[in-house]
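Notes for the one structure printed next.
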Amino acid sequence: MNYQLNFSAVWRDFPSLLAGLGLGLELALVSIAIGCVIGLATAFALLSRRRALRGLASLYVTVIRNTPILVLILGIYFALPSAGIRLDKLSSFVVTLSLYAGAYLSEVFRSGLVGIPKGLREAGLAIGLTEGQIRTSILVPVMLRNVLPALSNNFISLFKDTSLAAAIAVPELTYYARKINVESYRVIETWLVTTGLYVAACYLIALLLRMVEQRLAIRR
Amino acid sequence: MYQPPSWFHELWAARSAFSAGLLTTVQCSALAILCGTVLGVCAGLVLTYGRWWGRWPFRIYVDLVRGTPVFVLVLACFYMAPALGWPITAFAAGSLGLSLFCASHVAEIVRGALQAIPRGQLEAGKAIGLTFRQSLAYVLLPQALRQVLPTWVNAATEIVKASTLLSVIGVAELLLSTQQVIARNFMTLQFYLFAGVLFFLINYAIALLGRAIEKRVALL
Amino acid sequence: MTPNVTDTSQPLLSIEGLHKAYGTTEVLKGVDLTLQRGNVLTLIGSSGSGKTTLLRCVNLLEDFQQGRIVLEGQSIGYHEQAGRRVRHPEKVVAAHRGMTGMAFQQFNLFPHLSALENVTLGLRKVKKLPRDQAVALAETWLDRVGLLARKHHCPGQLSGGQQQRVAIARAIAMSPSLMLFDEPTSALDPELVGEVLAVIKGLAEEGMSMLLVTHEMRFAYDVSDQIVFMNQGRIEEKGAPKELFDHPASTRLKDFLKNIRF
């Protein structure tokens, strides 16, 4: 194996890698935020008494969870224009990842809600709160504290999924990695650094989320 | 008047492309799941029962892979292999990446299951004179593997979905075949939908199969 | 089934100066014990007295730092090598464990195997018996504990008492010289205790050598040849059941017996 490690090409383009990582984090943040809203709504729909709502929500979740995310990304970016909706790369990716996140997060929220003792909702009704107020003031806050670990896992997964934006040439980390790889032929260095950046980012996110968990737990 | 060909006509015309693509998807998924499971079980065993010098490398491997997007893993294998002197095909490189990904998942779930087995089981094995290897083969692993079956089926569907990533490195699995067909007839929406439905059916079938097997093999 | 008759003059089991510590906490502080072939020795005492630890040292489920355990003339666990105390290789440890059989408080049946398979596992993989022989032997023992009709049931389908009886059959089928019972009825509902004690009593009457740890005092009185009262890692008093229960010498034993409804 005659391979001399030479990181100069990678260091020269390191800023673009960092920019790519930054974009990836942004995309993850936005998609997760939207995904949480969708996921929460879907979770309530899954637990609703109306059959039609449950069915619709269940269909959405089943379809998304069983379809490869790359198919979703490409489908939404390339196929939607035929149906009249033309989105630019970034928006298209955010839409896709949000829908994807929503389906997975809905399961986390749903099991969190199911785990809340019935008595809490009844106590809310007894003091005269409406269903909506019960949800926002009681159910969601209690549920969130319970599902934080599962939520963290999902957030990290979704961050890793931003790498697929490279498939539609969104300039995030993986896109730049491929570019540098192809231009400089410094394969090992490129992928070592890229992997290192992802692992570091995931580790930091996990650390951050664990701190959030502990903060919220103490307030109890 | 010129009648553009209907979707069904195009589908029929492209049937060999689709079946070849489907076959490739099945092949690389099956290969990755098989190799990944074998490697993962070994890793899980070492992580649970190994000495620190055996656990360490596997721990690093698992944590590294868990922090890296599977897309990056596949690309890294594809680009690095020839540079390191292994001129392997894109199929092999992609399958390698998927196998490594699968193995890290399987290692974690096997480790969890083995650690959950009550100590008394190993002691009972010792008491009747079984060596550690025998206890592993006849007492511990049979219980652990039964336990992980549903989660393992989940991991397998993840691999099938991840096989679509091989399209990016030029492996003619189902997604790439779909894209090639679309390139010929521009029926973007219809064929992306078709690919989506196919993938959905495959994964849904695996999930149902998994549930059926789980019922058969359940303990207690 | 008669126990192995090799040398009737030497005790089957002799324990000399046994010391064991978990880290810095000493749990056995110099225990000396002998058991003659065909006899039943019961260890009694409060929790933490070390009786279960002592039992588990005999089949090396627990290590010990000082002292000797000699079973059938063989030193258990450790040997001298160039003046240093060295642990036996795993194969030897496994072979020595073959001389004993153990019934656990939590039964520890293998949940993925039927009752029959639980018993034949050791016979086929350790004793290397061919399948038909192993099955025949296993069925004899399952019948002996009254569970032949349930040989194909899995542990999850059996009651606690039934599981413990299968566990005893599993241990006895390996023809051990010495049976170890670690509080075999403590995890059972009261109405299921009797069937298990009946099996143990039957084995004792047939001449099985046994080391028993139990809280069932009446049973201990009935079935034992020797009772050993342990307290804080030491043997406080030992003797025949009648002596010990009717005329306890030490105050600690007197206190212990006072709190037991007999």
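We call the chains A, B and C, going by the order they appear; numbering starts again at 1 in every chain.
Operating definition for what follows: a contact is a pair of C-beta atoms (placed from the backbone, for glycine too) under 8 Å apart; a residue touches a chain by one contact, two chains touch by 3 or more.
Nothing here was measured: the structure is a model prediction, and the numbers come from that model.
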| item | value |
| --- | --- |
| Category of the chain touch graph - line, ring, star, complete, other | line |
| Chain separated most widely from chain C, comparing mean CA positions | A |
| Distance-to-centre winner among chains (Cα means, whole assembly as reference) | B |
| Gap in Å, rounded to a whole number, between the CA centres of chain C and chain B | 47 |
| Chain A and chain C: spacing of chain centres that average the CA atoms, whole Å | 56 |
| Whole-Å gap between the CA centroids of chain A and chain B | 21 |
| Junction residues of chain C - those touching two or more other chains | none |
| Contact set on chain A toward chain B in their complex | 1, 3, 62-63, 66-72, 74-75, 78-83, 160-164, 166-167, 174, 177-178, 181, 185, 187-188, 190-191, 194-195, 198-200, 202-203 |
| Chain C residues touching chain B - in the complex, by the definition given at the top | 59, 61, 90-91, 94-95, 97-98, 100-102, 104, 106, 108-112, 121-122, 125-126, 154, 156, 167, 170-171, 174 |
| In the complex, chain B residues that touch chain A | 63-64, 66-72, 75-76, 79-80, 83-85, 157, 160-165, 167-168, 175, 179, 182, 188-189, 192-193, 195-196, 199-200, 203-204, 207 |
| Chain B - residues contacting chain C, complex | 118, 120-121, 123-124, 126-132, 134, 138-139, 142-143, 146, 219-220 |
